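Labels A, B, C and D are assigned to the chains in the order they are written; within every chain, residues are numbered from 1.
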Amino acid sequence: MTRYILHRILQGIPLLFFISIILFVLMMNMGDPIATMGGRTATRPADRERLKRQLGLDKPIVVQYFYWLAGNDWTKIDLDGDGIGETYGERKGVLRGDFGYSLVNRGKPALAVIGERIPNTLILMVAAELVIILGSLLVGVYSALHQYSFTDHFITTLSFIGYSMPIFFIALLSMYIFAVLFKRWGLPYLPTVGMFDPQVGKTAGQVILHMILPVLSISVISLAAYSRYIRSTMLEVMNQDYIRTAKAKGLPRPQIVYIHALKNASLPIVTVIGLDLPLLLGGAVVTERIFAWPGMGRLFLDHVERGDLPVVMGILMLISVAVVVFQILTDIVYAWLDPRIRFG
Amino acid sequence: MGILNIMIAESTPNLFVDDLETPPLPLTTLAWKRFKRHRMAMLGGVFLILLVLYSFGGSLFVEEKYANFTNPPIRLNTPSWQHPFGTDTVGRDVLARTIYGGQISMIIGILAVIIETSLGILIGALAGYYGGTIDSLLMRFTEAMLNIPEIFLLIVMAKFFGNKIPNLTLLGRTFSGSVVVIIVIIGLTSWMYLARIVRAEFLSIKENDFILAAKATGTSNTEIIIRHILPNSIAPIIVSATLGIANAILSEAYISFLGLGVQPPTATWGNMLDGANNYIESAPWLWFFPGLLILLTVLSINFLGDGLRDAIDPHSRAI
Amino acid sequence: MCNFKKYSQLISVIVITLILIPACGPKTSASPKVTTFIFTQEFDTLNPLYSNMWFSQITLELWNGWAWNFNEKNEPVPYLVKEMPSIENGGISADGKTITVKLREDLKWSDGIPLTSEDFVFTYDMTISPKNAVATTYPYDQLASLEAPDKYTIVMKFNEPFAPWQATFWKGILPSHILKPVFENEGSIDNAEWNLKPTVGFGPYIFKEWESGSYTRFVANPNYWGPKPKIDEIFIRFVPDDASQINALEAGDGDLGTFIAYSDIPKLEQEGIKIIPAFSGYNEGMFFLISKERGHPAMLDVRVRQAIAMGIDRESIVKNLLLGKTAVPASYWDALPFYNTPPVQNYPYDPEASNKLLDEAGWVDSNNDGVRDKDGVELVLRYGTTTREVRQDTQAVVQQDLAKIGIKVNLLNYDSDVFFASYDKQGPAATGQLDIMQWSDTTNFPDPDYYYWYCDEIPSAENPQGANWQYLCDEELDSLFKLQATQVNPEERQKTYQKINQIFHDNVYWLGLWQDPDMWALGKRLSNYKISGVTPFFSIGEWEFSSGE
Amino acid sequence: MDPEPLVIVEKLKKYFPVKKGLVFQKQSGFVKAVDEVSFEICRGETLGLVGESGCGKTTVGRTMLGLYPITEGKVVIEKLDIAKADRNKLHRLRQKAQMIFQDPYASLNPRWTVSAIISEPIWVHHLAHSEKEKIERVQELMKLVGLSPRLINRFPHEFSGGQRQRIGIARALASQPEFIVCDEPISALDVSIQAQVVNLLEELQDQFQLTYLFIAHDLSMVRHICDRVAVMYLGTLVESADRDELYENPLHPYTKALLSAVPIPDPKKDRMRHRIILQGDVPSPISPPSGCRFHTRCPMEKPHCGELVPVFKEAAPRHWVACHEIT
């Protein structure tokens, strides 16, 4: 097992390199980070020239990638534009945990910029994932046990609708109904945007209240997908011989369902969740935009707009690492759930 | 030449072993029978036809010029007899725009899937058929692409390709270059799952003796890939492509919604929503109709794909 | 040390509370006056040297400030200085090459340290130091030298007279006692903590906290050297979505918003929210690519440009898309009436005249495809701008208007970092891929100086950062622009601008679409405010807030 | 018969690499599937290649036709050296040398009609000038192997196992080959059908002067069809001789053991005869035993058997054997 994990980790490293190269090349051609620098007019020509040099953006892409990866503190860089390097660079490179400084939030390390948003995204996503897992288990198991009943058909249809729902449609619709119309009708209404009311502060109650609609929007799609998945897995397991044996033995039904069937049905579900979890780390970009949630997805959008390579690369690499790690974790959980699986 | 003549002369008809009595049903008939039983899939199919009629047939009644006709004095009018879906921020008719937007959205969906499927098949086939280093390289690349969430990749690519492609004139209509960009980037970001499916299919099918037989016959690798293996892995490809259309239409909507997609005045359901973001409350018709149409289209395709899967690809089981 | 500070703060809070409770118990509680501003963009950094962002720059007035402010009429008023330097009071030397600034003597930073000429010199040093990657070195790079003969005097010396000094110098001062040690230790202030948490300032408010993605909080500066501010706390909340901003303003969750879309104004006014337009010099307009090598041949002909000017119903755009809340500018200097005297005449909407001009110019629809052509070249223009909604809407309307006079335009939209990308980054405007470019621009407001039309700003491989994306080299215009930059005497400068304006008008080098004042929305709870187009919060200390209605 | 053999196999080696390792895979060894195998087949002759499953006989067949790259050695078919042949020559060879497969289910493309399957060699080698001519030839071939030409547009799943094998034979004949490798063509069929197919093969051989390499593990059927028989053990040939000579007078202990296991139709004789039961399992082809590969299981084993590799030599006229104990 240890050997297997080691194997996977070692495999993950070249993969991450691969990803970083693809992304870096894309990022380098995405726009000019010093075109306006967030201002309302174009940056002055002389400043553009100087900034490109000072921020190292004048270097060829290979050199920039190398600096990004391995830092430039071992070489002298030219700050004053005379073509001769005089001071050592300050960047340590990603390999040494330095993702560089944000080009937008000047003076702030990219990791710090991202780090501030991670908790917000996690709060939202963990809540959504809990709703998804619990909800889909309930719905999926129920409709598997009542296969072909009216409720089953109803749930199946509903889950298809949920699965086909564009996230912005459900987000806009729910915001319109629960925040706008409810308010108009004098009903208790939900807040439209933000994570909390700054004047009240970041209290648990505030955050929960602001979280309801985004969580709802994120959950609907995955809930539909997962519950269908659980339903079909459960159906398959319920038709296995050992379940029939258990029934024949006269085991109580809940015991059959929850101990025998569900445990075995949970295997493929673990895989799916394992694949989905890291993606949630990126946050639902669209949801965060609509509800102005200060998470990573919105951060990504804001910084992509200004070509902030260090932050955008940071976010994407972080997610990639998470994907790799979660794939390994999934395998471990898988092995733990299913004693037949041993990795050699 | 000679040998065959001898064959004819000396072949004896009474050597025939046995004829078949009743011909079994062809595969396509079987599939159709299974498909027909899938009521939701039938319904999805019918709905999809209606939606296609709406988007493409609608252009018989409404001219594209009308869909792009701005009339600022009547901006943001509520739905009325004259403008059943209301008007947008420059007074264009929303109904007409959903018709032409639907066309573009569907064309994007279909063309993007063609790119996606071609890429997926190409990469999956090369990796699965040749194996070895080619396989490792291609699969590492696939995994790398797969590891980045699609929406992020789409955004980055949309910025990368943004407006690098000029406008196109096709069939007397001018398509914004951004339409082509969207098609390309959706195609480029969605082939990975299909590549994996195709690779797995190829890996298993190429082990069959009939591939060896073809090699022994002298059939070239390309012919083996195209004529032998591909037809045998067509079922999952068709299902994946069908569902891919739904995904592509959604992807288009997402990037257009984020302002990186097809640029106005060319309407798509997605970019109609983009402008609506600021009018959630004051002009709900701006987002409701295109949103609903996207939902209905995606839903119909998903139902259809589900039915197809059951009909032609009974092995696979997934959502 | 740190702990002690917190501890003492806690004690003082408790003590004050204990004192206050019996004092105001029976009466209405004197709850602190807390107001919320809504910004649609989050600050990138708060260090004035490092940010180009307008929101960051205007917030400066809360906690830092300019040496002199501009009032609601956009006239300079002394703030850190005793009086505005002028030739009359000797602040400006006769040859216009030396400017002497006298500072107030009672200035101090929020931590009690006096603010002196040393801080000004430090700000200058930091701006031009090659070790700092500041957003712009302009206008400090124009200085020959900067001297501080005493604690309250600074002497700015130029090689040439520098006309636009008022609008450009001393927008934000750095605390040398905080940042000098950083610079000496780290060799740069690029990464100083103060940039993002400027807890030491000198404005009526001081920075308290910044919750990324949510808000920044400013509280009244107890050490403020001016009159005590009337409001206790200001929250600046970041709401990226325009619609949410409007909702929040209507619901009273926010007391101030800006960048209000014209279409939202009636609704807000209905709710009793005051809308104040503040001119900051911005005019939305079209720039034309006038280049033999890169552009469309038709654009070289002034008659075609005039036809475009008369072929677009700009009044209708302003009336319908912008709800008549603004006007069509006749010149690039509309917001600066002084430099637009006598005002130039605007081109009227006259499609017939346009048609006539185009016919005269030889552009006729010879193949009957609805588009004019000449010598086999169709009159199809590329018209690009950013993705802002109102711009896309304008494009759609313009496309229709121009189609009526037989000009076809292809519309293109770009994210602003792509649109404004430089020549070497293949920016579409910079590389001459667009015949018509639209954006909103201002001069060094309230100063008319600009560099877009200099011949030596034409981009090329040798000059990849060039800003003359019109590729237009008009020798006369070039020399007039160079002349005005050295005319410290306003009257002389005004005369130069008359000529410049006339050239612009006659040649249609730029076509104004609408004046683009900043639209401020102020809720009912705020009062006694004045808003300037240059320094909107110049009087923030006097603003009043009343929670009880 | 031609004095010159149609097929010459000389010291043929086929090793498959075995890979191991975490990230950087390295070769850790080989599966020595075929090791120094030599034989010749004359025109019109049938050589039977027998041995236990996994001994490498199928690999010999496939390597000979260039389906696997040759590790070492020489294969000459119709004066053409396969190892040295370029693409074009190999392509021409494939017209002359064909193969019939063991599994009639897996060897026919399920998505193709009979017509497409049988005509594949025809279009690959451009043997027909028109679509019509192609169809006619397919129909002829179908008749030839005893299939009704009416079934030309049917799919393989509509046929029985025997019929499918006939389709496979028709495909092999389609390119007018001279040499056919029959890779256990009957082992997947019912016994009743086996005889039909073998008879068909024999008839075709007579008609068209075909040369067969008949790979089988069933010694009785081999005796029926083959002119010469070669016995393989663990990648090497242990004995080869004319059919009757081998069956009457086997020399190698392994051949003896194999023949002793063949059921004899007469129960009396069957009971009388001495059955040789081999000890132990077949060793791994990755690290085959040193010296004589059979020594670990040989009833006649001597100490030097594990050291020296026995030479494949002609012990009697046209009777070759590889054993230290036979001189």
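FYI, a contact is a pair of C-beta atoms (placed from the backbone, for glycine too) under 8 Å apart; a residue touches a chain by one contact, two chains touch by 3 or more.
Bear in mind that the values here come from a model prediction, so they are computed numbers and not experimental data.
Engineer: If you tally contacting C-beta pairs, which comes out ahead, A-C or B-C? Let me know.
Structural biologist: A-C
Engineer: Farthest from chain A by Cα centre, which chain is it? Let me know.
Structural biologist: Using the mean of the C-alpha atoms as each chain's centre, the farthest one from chain A is D.
Engineer: Rounded to a whole Å, what is the gap between the Cα centroids of chain A and chain D?
Structural biologist: Centre-to-centre distance between chain A and chain D: 57 Å.
Engineer: If you average the CA atoms of chain B and of chain C, how many Å lie between those two points?
Structural biologist: For chain B versus chain C, the centre distance works out to 47 Å.
Engineer: In whole angstrom, what separates the CA-based centres of chain A and chain C?
Structural biologist: So the centre of chain A lies 37 Å away from the centre of chain C.
Engineer: Just give me the whole-number Å value for how far the CA centre of chain A lies from that of chain B.
Structural biologist: 26
Engineer: Which parts of chain C, given as residue numbers and ranges, touch two or more other chains?
Structural biologist: Answer for chain C, listing residues that touch two or more other chains: 241, 247, 415, 418.
Engineer: At which residue positions does chain A touch at least two other chains?
Structural biologist: 14, 30-31, 289-290
Engineer: If a residue has to touch 2 or more other chains to count, which residues of chain B qualify?
Structural biologist: Those would be 159, 162, 277, 280-281.
Engineer: Using the touch definition up top, name the residues of chain B that touch chain A in the complex.
Structural biologist: 40, 140-141, 143-145, 147-149, 151-152, 155-157, 159-160, 162, 246, 250, 253-254, 257-258, 273, 276-277, 280-281, 284, 287-288, 291-292, 294-295, 298-299, 302-303, 306, 317-319
Engineer: Applying the document's contact rule, which stretches of chain A touch chain B when the two form their complex?
Structural biologist: Chain A reaches chain B through residues 14-15, 18-19, 22-23, 26-27, 29-31, 157, 160-161, 163-169, 172-173, 175-176, 180, 225, 228-229, 232, 236, 279, 282, 285-286, 289-290, 300-301, 304, 312, 315-316, 319-320, 323-324.
Engineer: Enumerate the contact residues on chain A facing chain C in the complex.
Structural biologist: Spelled out, the residues of chain A in touch with chain C are 30-33, 35-51, 54-55, 79-81, 87, 101, 104-109, 113, 116-117, 120, 192-199, 202, 289-290, 292-295, 298-299, 302, 305-307.
Engineer: Residues of chain B touching chain C in their complex?
Structural biologist: Per the touch definition, chain B meets chain C at residues 68-70, 72-73, 75-76, 89-92, 159, 162-163, 167, 174, 176-178, 259-260, 263-265, 275, 277-282.
Engineer: Sort out for me which residues of chain D touch chain B in the complex.
Structural biologist: 62, 65, 67, 90-91, 94-95, 98-99, 101-103, 106-112, 120-121, 124-125, 137, 140-141, 143-148, 150-151, 154-155, 157-160, 162-163, 166, 168, 171, 173, 175-176, 196, 207-208
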